[in-house]
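Below you'll find the structure I mean.
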Amino acid sequence: MNSTLNRQMLGVAETLSHPSEAEVRMNLRPAAALPSTDELEELLRRVRSAFFPSFFSEGGSNPEMQHYQIGVDVNQIGYILRRQVARGFAFCGSDECTEAMVSRIVEAFLGDMPEIKRVLLTDIEAIALRDPATANHSEIVFAYPVVQVMLHHRVAHKLWQLGVPIIPRIIAEMAHSRTGIDIHPAATIGEYFAIDHGTGIVIGETTIIGNHVMLYQGVTLGAKSFKLDADGRPQNVPRHPVLEDGVTVYSNASILGRVTIGHDSVIGGNVWITTDVPPNTRVLQGKPRSVDTFEAGLGI
Amino acid sequence: MNSTLNRQMLGVAETLSHPSEAEVRMNLRPAAALPSTDELEELLRRVRSAFFPSFFSEGGSNPEMQHYQIGVDVNQIGYILRRQVARGFAFCGSDECTEAMVSRIVEAFLGDMPEIKRVLLTDIEAIALRDPATANHSEIVFAYPVVQVMLHHRVAHKLWQLGVPIIPRIIAEMAHSRTGIDIHPAATIGEYFAIDHGTGIVIGETTIIGNHVMLYQGVTLGAKSFKLDADGRPQNVPRHPVLEDGVTVYSNASILGRVTIGHDSVIGGNVWITTDVPPNTRVLQGKPRSVDTFEAGLGI
Amino acid sequence: MNSTLNRQMLGVAETLSHPSEAEVRMNLRPAAALPSTDELEELLRRVRSAFFPSFFSEGGSNPEMQHYQIGVDVNQIGYILRRQVARGFAFCGSDECTEAMVSRIVEAFLGDMPEIKRVLLTDIEAIALRDPATANHSEIVFAYPVVQVMLHHRVAHKLWQLGVPIIPRIIAEMAHSRTGIDIHPAATIGEYFAIDHGTGIVIGETTIIGNHVMLYQGVTLGAKSFKLDADGRPQNVPRHPVLEDGVTVYSNASILGRVTIGHDSVIGGNVWITTDVPPNTRVLQGKPRSVDTFEAGLGI
């Protein structure tokens, strides 16, 4: 390159090296080491391997080798969690985090793994019950995005319950990027939770979902407007829907605000709901306008 | 780590090593070797390289090198298919699969490759005709997600027609994860099929799409409720829409059930359709409520 | 493999080696070297590292090391851009591209990097202001897909303004694949632009967005039908919406055509809008049909 360009590059680098006013205000040069997304990817791979050894473990289909591999996986899960949980606290500027606290969190998570697996298996059963296109349960585990997103959510939710900062959000975002399904780690989701296809689903922070609920692609369980606190920041209050047991929501429906959808109700596709819906109710979009014959053309 | 934690980890590993009742019921420890997603990724890369040598082949832009590279690609496609098709049958517990059967399937697929390519080129022409933002056909091949998803679909559909289990679904899911477009491998799709943007599109198993059809992002061609069979399992019957030639469906529309959208009809965005639509018809959402002036605020 | 299969593979390879008539017509065997998506991935990684050194740079959290790393990043950005911009012109068959032109483009881009960063920081502030689920600005930078997509858009838009062919589109598509958000590089987007969740958002080529605008997931800013030019090709004219300052659009709304949404208006979810909306207006979907109690069942 010519020397003009070289000089220019030096100048740009110099400018970018100094934190701007906005960067300082937003505190965007944290001094602490960051959580490692690579290690968190590895963590989730290990959990998946320990839960579904015939599918994702290096132990292959030999039961004895699976046994050994699960031991290795659980061990690695413990080590990775220790490091990353500590980093999560440091990144969020928390000085309260002691080594004993990290140990308690890791122990609690490990102790809960069999229960996380049990609930995840109910999600797989729910899909098998709902989707006529499924050949068998193995196909669901191996090829359905819902398994990935619920594995991430049930792990992230446990860590969120244990008070771990930022890590749960990163784990949720990994699944969001791959599946297009965005579930806030704080959302409470019951057993036998089924998602079909799923791209575009959003489940907000304070959502509460019962058992045997099914969501199709593009469904939003979101918030309406919210009050600001004294500092002009939006308040973190319950602001997302409650879906009782047995609710089904069809594609692209948006349900907003702290409303309750009563048990066994069915929400049709593409509706916009901001009020309660009683149990056993079916809500459908208003009739479309079917417009007369018209000249065939490219569009609308 | 301390020895308490070590003992705990051993216990958790032990628990996870024993298949739970639910796992046994769902048969989630299959003894057979699994299809390899890495090899299937390689398969699709090779097909893409053989179809579009100037874009994705290691042969670069030199026609003679492209010639050699296509030979290598086709050879690899044959080898990978043999291995993976056999694994697909084994994974699904089929003992009927003989080596002769696998050979017949691989031969049939290879023989159909030029036809698959021919149809895929019609999809690229369809996009060029519809999208004013396109500079040239090369840009579509190189940068449009529709090419990836239709390459995967037309390959997966052929393998599905040849009776290969699970592999077509995995190939479809690879494209779904990258493009947000979820097309069941069994769906029948005509020539000159155009998708623009595409995120969130779902095309169900028994869908039938004619020629010169265009779908925008977020469109669902899905199923309504379905009957259960004697075992309480959903029946796999025709339950998705038929779109005749020349139909256009705008963003986020949901069309559900075995309904027919007549030729050259246009379905507006965000509508919910569960009945037939005659040919040459335009269907639009009912009028929105335009609500008065209101205090400016964050939300709704 | 048997020799029949070998002979067949040779025949298929031979057939695929000869460009079909359609391929020739579409000019799908361009002779020029292609832009490299790997290098463009590296380019965006370097920009991200230079803008957010505490998060994504190899310099870690040490300010002096960050300083050095930013110098290396900017230098690499310059080198990669030179190569890829030249390839972009060659790929598009432009002979007008001289080395001096490439240098001018690279210089202009580098000179604009601090301004790109400044505007990107306003997007991060906008999210912090709108999302009650956010703990701090660092969490947004580290875990929110909007930062990735707007980093890609603001870089791609600059290169598009400088007249670089195809590269901006590839950069946009990288972000689309990972986030499900599809923003055409030509779209004009003001400051403090907030996207929440975002999967399924489409922003068309001639869209104009003011300041302090917020879009939720699944929103389409698209085109209606368009006129064809003398060659039967769709005309590239203004055909996407204008959103004035302070507009909020809720999930899955579709706004189509060159319509204007007046300042501070709120568009409710799942509506379909093809006409102007005055300022300070709230537009909601027509009332849904709330259908009576019905027998509980799987679907609709």
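Letters A, B and C mark the chains as written, and numbering starts fresh at 1 in each.
Definition applied: a residue touches a chain if its C-beta (ideal position, glycine included) is under 8 Å from a C-beta of that chain, and two chains touch if they have at least 3 such contacts.
Predicted, not measured: the structure shown is a model, and the values here were computed from it.
The pairing of subunit A with subunit C is characterised as different-residue: of all residue numbers used at this interface, under half are used by both copies.
Rotating subunit A by 120 degrees superposes its CA atoms on those of subunit B, with the angle stated to the nearest 5. Here the CA centre of subunit A is 23 Å from the CA centre of subunit C.
In subunit A, the residues touching two or more other chains are 130, 180, 199-200, 218, 223, 226, 234, 250, 252, 256, 268, 270-271, 284-287, 297-300. On the subunit A side of its complex with subunit C, the touching residues are 1-2, 4-5, 8-10, 12-13, 15-17, 20, 22-23, 26-35, 91-92, 130, 165-166, 169-170, 173, 176-177, 180-182, 184, 186, 199-200, 202, 204-205, 218, 220, 222-223, 226, 232-237, 239, 246, 248, 250, 252-254, 256, 264, 266, 268, 270-273, 277, 280-287, 297-300.
Contact residues of subunit C toward subunit A in the complex are 50-55, 60-61, 63, 66-67, 70-71, 73-75, 78-79, 82, 103, 106-107, 110-111, 113-114, 117-118, 121-122, 124-125, 128-133, 135-139, 141-145, 178-180, 197, 199-200, 216-218, 223-226, 228, 234, 250-252, 256, 268-271, 274, 284-294, 296-300.
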